[in-house]
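By written order: A, B, C, D, E, F, G and H. Residues from 1 in each chain.
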Amino acid sequence: MDPGFVDLGFARVDTSRLARRGFPEVIYCAGKTPAQVREIARSLIAHSPVVLATRAEPAHFDAVREALPDAIHHPVARCIVAQTAPLPRLPGSVALVSAGTSDLPVVEEAVVTLDALGCTVVRVSDAGVAGVHRLLAERERIEACSVVVVVAGMEGALPSVVAGLVSRPVIAVPTSIGYGANFGGLAALLGMLNSCGSGVSVVNIDNGFGAAWSAAAICRLLLPKA
Amino acid sequence: MDPGFVDLGFARVDTSRLARRGFPEVIYCAGKTPAQVREIARSLIAHSPVVLATRAEPAHFDAVREALPDAIHHPVARCIVAQTAPLPRLPGSVALVSAGTSDLPVVEEAVVTLDALGCTVVRVSDAGVAGVHRLLAERERIEACSVVVVVAGMEGALPSVVAGLVSRPVIAVPTSIGYGANFGGLAALLGMLNSCGSGVSVVNIDNGFGAAWSAAAICRLLLPKA
Amino acid sequence: MDPGFVDLGFARVDTSRLARRGFPEVIYCAGKTPAQVREIARSLIAHSPVVLATRAEPAHFDAVREALPDAIHHPVARCIVAQTAPLPRLPGSVALVSAGTSDLPVVEEAVVTLDALGCTVVRVSDAGVAGVHRLLAERERIEACSVVVVVAGMEGALPSVVAGLVSRPVIAVPTSIGYGANFGGLAALLGMLNSCGSGVSVVNIDNGFGAAWSAAAICRLLLPKA
Amino acid sequence: MDPGFVDLGFARVDTSRLARRGFPEVIYCAGKTPAQVREIARSLIAHSPVVLATRAEPAHFDAVREALPDAIHHPVARCIVAQTAPLPRLPGSVALVSAGTSDLPVVEEAVVTLDALGCTVVRVSDAGVAGVHRLLAERERIEACSVVVVVAGMEGALPSVVAGLVSRPVIAVPTSIGYGANFGGLAALLGMLNSCGSGVSVVNIDNGFGAAWSAAAICRLLLPKA
Amino acid sequence: MDPGFVDLGFARVDTSRLARRGFPEVIYCAGKTPAQVREIARSLIAHSPVVLATRAEPAHFDAVREALPDAIHHPVARCIVAQTAPLPRLPGSVALVSAGTSDLPVVEEAVVTLDALGCTVVRVSDAGVAGVHRLLAERERIEACSVVVVVAGMEGALPSVVAGLVSRPVIAVPTSIGYGANFGGLAALLGMLNSCGSGVSVVNIDNGFGAAWSAAAICRLLLPKA
Amino acid sequence: MDPGFVDLGFARVDTSRLARRGFPEVIYCAGKTPAQVREIARSLIAHSPVVLATRAEPAHFDAVREALPDAIHHPVARCIVAQTAPLPRLPGSVALVSAGTSDLPVVEEAVVTLDALGCTVVRVSDAGVAGVHRLLAERERIEACSVVVVVAGMEGALPSVVAGLVSRPVIAVPTSIGYGANFGGLAALLGMLNSCGSGVSVVNIDNGFGAAWSAAAICRLLLPKA
Amino acid sequence: MDPGFVDLGFARVDTSRLARRGFPEVIYCAGKTPAQVREIARSLIAHSPVVLATRAEPAHFDAVREALPDAIHHPVARCIVAQTAPLPRLPGSVALVSAGTSDLPVVEEAVVTLDALGCTVVRVSDAGVAGVHRLLAERERIEACSVVVVVAGMEGALPSVVAGLVSRPVIAVPTSIGYGANFGGLAALLGMLNSCGSGVSVVNIDNGFGAAWSAAAICRLLLPKA
Amino acid sequence: MDPGFVDLGFARVDTSRLARRGFPEVIYCAGKTPAQVREIARSLIAHSPVVLATRAEPAHFDAVREALPDAIHHPVARCIVAQTAPLPRLPGSVALVSAGTSDLPVVEEAVVTLDALGCTVVRVSDAGVAGVHRLLAERERIEACSVVVVVAGMEGALPSVVAGLVSRPVIAVPTSIGYGANFGGLAALLGMLNSCGSGVSVVNIDNGFGAAWSAAAICRLLLPKA
């Protein structure tokens, strides 16, 4: 019987994740050697059309390319994507609203993930609350999407304001942008968790990947039932 | 022109929230006097078929009943619901998985909210990871729902395990159940934010209401387009 | 020579504070016995036309009234005010913007303090960011004031949005309204300290008094030079 | 209609900030690439006579100089200033009191900001409470200013003592100077927030810029009404 | 051989502490039943002329009086003292400087302890830095003592200022007086630990007893060598 | 097939825990209603000879007695024990060393648990490091046991010293005894986690039950192999 | 008389630890110079057949090799082992279960320590709860061991699930793998301390050594009595 | 009149500190440029026979040597000492007890400071509680000193045990030695603040200088009265 995983000794590659979860296993590169990432990727590609690796340093990419020569590196997003075929495109779209230019690396991680998982993205960048007219101008474009991912650092106020304007589920991503009493993104995280705007759920600091996966899982619900 | 709110002096009742957000304004009772809650409820019911109040003490209910005699009190959930007509039922369903019996008040707040917002709920209670067979037995029932709300205190491990088993978006609610290094739910909150299970988003500690709103907003996406 | 204080044994009443600071010493009642507050008030009134006591319980008021029969109790604000003559009215005005009805006790502490110190107050209550149109409707009324005090709990996002709309100095007061990861107002405090809106300064959690004093000190600057 | 901003794709430059807030948008360089800062600066200078960038590394300056050859770098303050014309000088003056020599970089950020915004600065450096006679000697010079910015690290006691001596509004800036249980400025921040000296408001750790903006907004109030 | 303790089952009374440490064992009542405190006191008095119990509730005192009818209760200090003979008076004296009237319970615990251990106390109360002239007036009286205990809540700035004025060792006691970002005395504690005034050492929040013991141990050094 | 649990609706009683884990499910009463505890106990006793409930209030006991009239309440330990037959006695013994008399409620929870699970206990109470001779006198009695549970509050230093003296595995239980910078047991918890004594593992604050279970699981290893 | 230690001036080498504790003193290299480690190792080897040094950098190894040429470096584990003879093999075995590939350095520290102390190790790597079937497949292999060490980062959920499946004592090691609200392993640490799985005890973050020592001390209990 | 300080612009050198406090101003180098330290040292030496600088990097020493060619660098202690004449030797002696070899840099800072201030030091190194016999062997040597400074990292248990053994005042210095839940010395700091050993006062993490100053101030009390 297929146990649903392959044991590489240092890793048990979860080969049944695509079937179970709708999307394949994703490699978290931090703390792994380039050779480990390479071997996990090599093993995964045999069971999934798409392999995504996050938090990837250039050395990880160099190693992955040895096994998967067509892999692509997204350095700002710190992601690697390799695919034998794209995942099916999902219905709906994801609005990706961010507070400031400094938040772009986290935004990029979300964009690369959403694209790899088959989602359509609508970006609204640098729409922070210090000049709220920049956000109000985009209200209708955001409402037209299915789900909203909001990325913000510092005080993390943007998701509350966005949630108050639209009817879509809002997934908030605090970033570590800031200093001092920001405490590495803690201020934004706490702000988002305490949002007075109903319907905001939150992922870990700088976790663009996680928000993208959640948004993609919502878009999957829009697929017509087979 | 309609400003979209009514100014009661001590409160600006957001009368356009139902139109803007798909669900009406909800009253957060903590820190409000019973008379304030009563007057806000009286004002809201003129603009919305359903009024929901959370974190309600019995004194709040007594006051609300003066204005809205048909209001119903859910003491375990600490909620008040009054309605002139139900909100339209939404497609799909919400799995509400909880880790332990002690988490039930938070579960109840979610149940009352989901019901008020028009959602169908499937409950799986006391399925904590200390005996994971109790959860595995329910995998298919959970996968059959559209979205999963997972409520857990202590170490908050349940959302990670649930997320690993199904393809649905998972909204995690940490509870303040526990003691010592639990720090009022902080342990569960941090655990859920750091979940190794992709696609878990998190709301505030004990915020059954917020998770329910997010789940309901996802179910609204399943409405056929007009 | 006048040492600038009177030694009551348990207290050194700062009789030169009005001359030095423009406003008289204010009594912080928490941790003091009613009898101590009474004697400090009795001593202060001999050197200042106005005596203000904050964080006052009813027992403090009862004791103060023994010495100063005309003292007035503001129970929501938890303040006592006694005066032989009002302080001179100050030029300008203070906009007092608050996020929610639950923040009113902190707002009241600020109102009583501003009034005792001679300031004119313009209130804008329950203008939280969950329905930002309620705030935008008041932009001009706020800009017409000299300084803005913004009171908010939960995520404390309101000062950032207000600061982005007007040219006035903004003093933010986080409140302890909220629960869970709010940590007694810490979330709002950190949010305000990390505000992306330039020109926001912050006082302690629930410190309506301190914000009012700062605002009044700004209004004093508008007095014509003697 | 002018939307009040220019969309550069990666940034929405807030071109209406000067009109709305009295001072132009300021560029926060941390987390932005040199090219992004350059393009934002190029866009801003078309709408504002002065461009200020904070937290600037030398690479940011090199890039800005490509677009604005007359820009000036203040390396201790980590600021860049470019101007086509100075902002109008504001009435009054700002006392800038600091506790120790190690706090000077934060002081410099405040000085450069105050100067760019049109304020007159009076410096009192290294007047920490370990030798309080150094501060008492300057009491009258500080009282002669309109507003006081106090910069201190370690225990952050200086604002309390200064506030007790003068009638001016005090804006406190905690610095990250210290070690161990200083926790990166947290000790000074908490000390300032809990100041027993009435009328102290606080900005983020090391936020010389923010305190300066607040002080400048106060000086703007002293402008004769048009 | 004498093991240096008596085993009561629930307690091992340290009968050799007076010989080893110069002062007898002191009973910490919190968490102990009245009967336990009574039996420990009964056992101690057989080995030490003085028995001191701290953090004592009235029920503890009632129980102790059953065994030691001459015991005295100091309710503000929450201490019980019983003695068959006083401990020998120690040379020198201890200045006990406190910041505010609200700090008096902690001051009283220190006073009762110092007295029980044989020390002479000089009190300077309510000399907080919000009016530093109240402290400067007492500089010489403080310098004339051997050691200084400084008690302060809120921002805990007083020990730094005191230490800067005198040559004596300074022991700082943070108190839990304050609210909000005081976090139960944490602000004062961190402030004192980061004091820029050299020669400040710190005890636990509200630990008047511990500071008194340390001061008494210093006074013991002044005893002429036998 | 037996699913290994019984679904009571509000609880899934884990009826296979004794077979899987060697000890039966234990009821954590906090947050459960008396009726819920009663029904869980009633269900458990059908599958296990012993039922243990922790964190039980008197009302829980009253309810349990309705279903299990022979149940016994241990009020200091806050435990309920009901049994149809004792669990088999385990080989070896557990030394239960505690630092102070105030720690006894946590010690009692461990004692009741160890007894219910079949272990022999050797108590050494009030052997804290302030008088280390009280501990040294018991070194051999501790070494003669199989495993050591050390219970201590305040600074939690005792496990380090004990671990340095004996060869047995040490399980440390921090207690919430203390005040101020103890932060509800955090000081003791961190101290124990950072123990310089090798071989110390730690359970949650006040978790006498958990340490007892771990110790009992070690004693089970000493059972002769069947 | 042998004092049980050798005083090197900068170190007191504990030469009686093997006799007292069953295992010899282990050198913690962090914060020590290579020369200090070398001299301590040289001194220890005269009293113990095995010398283990943890947290060793290459420079420490180079220095140790000068004194002990046969020493072996384990760079992933950051350990040095030198031995004149192996310690006696202990009965039983230790299951070493880890959550992810990134946790391997901590696992390696445990493996090297267990081996040096005479234990047999059974590894189960990358069995995290995101795909719990990978763990369930190994249940019987884990139950067959005497004690289980579980290593996990991120939310640290694995020990709870493992403890729920087997009857063996579980020692949990949180790792610092993760980011953001992981706070350097705090999330995993708190999760493990709050485990709903009875019988989990916890060591410091990344402390593979400490868990191994505890497990080895348990295996020593299985030695037949002499 | 002599103002008691010299204003260098960037520094106000406290030239009256020796007269006021018994010891001269000490330069804290962190955050200061080498040139600033050089000029402060040059200014101080004109008013004090001894100049001590702490937290000095080699570049600071190079600069100081330009002004004071006879200055001496203590690199492990990170201190610079320059003197035209030694301060008078003080009576008594200071026991400097440390827990581990890794704590030596903090010990060295204390030694250099004590020597510069005129104190005699008795060292007891590496006497940590993991092998308490190493400490017990030195009890009499410690008791023979006037005051005890105890330096320890990790759990910081040593001051409690030392305080329990001797009658001298104990000043505890937590160090940042450790990892994980040590949180940069926080564990040791909290442990020491919560010491069950009466008469322990505490300085900041790694603050060998501060403990030394406090100890020296105590030794000064032993000077015969003039």
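The rule we apply is simple: a residue touches a chain if its C-beta (ideal position, glycine included) is under 8 Å from a C-beta of that chain, and two chains touch if they have at least 3 such contacts.
Note that the structure is a prediction, hence the values are computed from the model and not measured.
Participant: Please tell me whether the contact surfaces of chain G and chain H are same or different in residue numbering, using the over-half criterion.
Facilitator: Counting which numbers both chains contribute, under half are shared, so the two copies meet through different residues.
Participant: So which of C-D, E-H or G-H matches E-F, with over half of the contact pairs the same residue numbers?
Facilitator: The E-F interface is reproduced by G-H.
Participant: Distance from the CA centroid of chain A to that of chain B, rounded to the nearest Å?
Facilitator: Computed value for the inter-centroid distance: 25 Å.
Participant: Roughly how many whole angstrom separate the Cα centroids of chain A and chain D?
Facilitator: So the centre of chain A lies 36 Å away from the centre of chain D.
Participant: So what's the Cα centroid distance for chain D and chain E, whole Å?
Facilitator: 44
Participant: Would you mind listing the residues of chain G that make contact with two or more other chains?
Facilitator: 20, 100, 130-131, 163-165, 180-182, 186, 189, 193-194, 198, 204
Participant: On the basis of the stated criterion, which chains touch which? Give every pair.
Facilitator: A-B, A-C, A-D, A-G, B-C, B-F, B-G, C-D, C-E, D-E, D-H, E-F, E-H, F-G, F-H, G-H
Participant: Would you pull the chain G residues touching chain B in the complex into a rising list?
Facilitator: 99-100, 128-132, 154-157, 160-161, 163-165, 178, 180-183, 186-188, 190-198
Participant: List the residues on chain G that touch chain F in their complex, please.
Facilitator: So the residues of chain G in touch with chain F come to 20-23, 26, 92, 146-147, 163-171, 189, 193-194, 198-204, 209-211, 213-214, 216-218, 220-222.
Participant: Could you pull out which chain C residues touch chain E in their complex?
Facilitator: Contact set of chain C toward chain E: 3-5, 9-12, 14, 16-17, 20, 25, 28, 30-32, 36, 40, 55, 174, 176, 184-186, 189, 204-207.
Participant: Per the contact definition, I'd like the list of chain A residues that touch chain D in the complex.
Facilitator: For chain A paired with chain D, touching residues are 100-105, 125-127, 130-131, 133-134, 137, 153, 177, 179-182.
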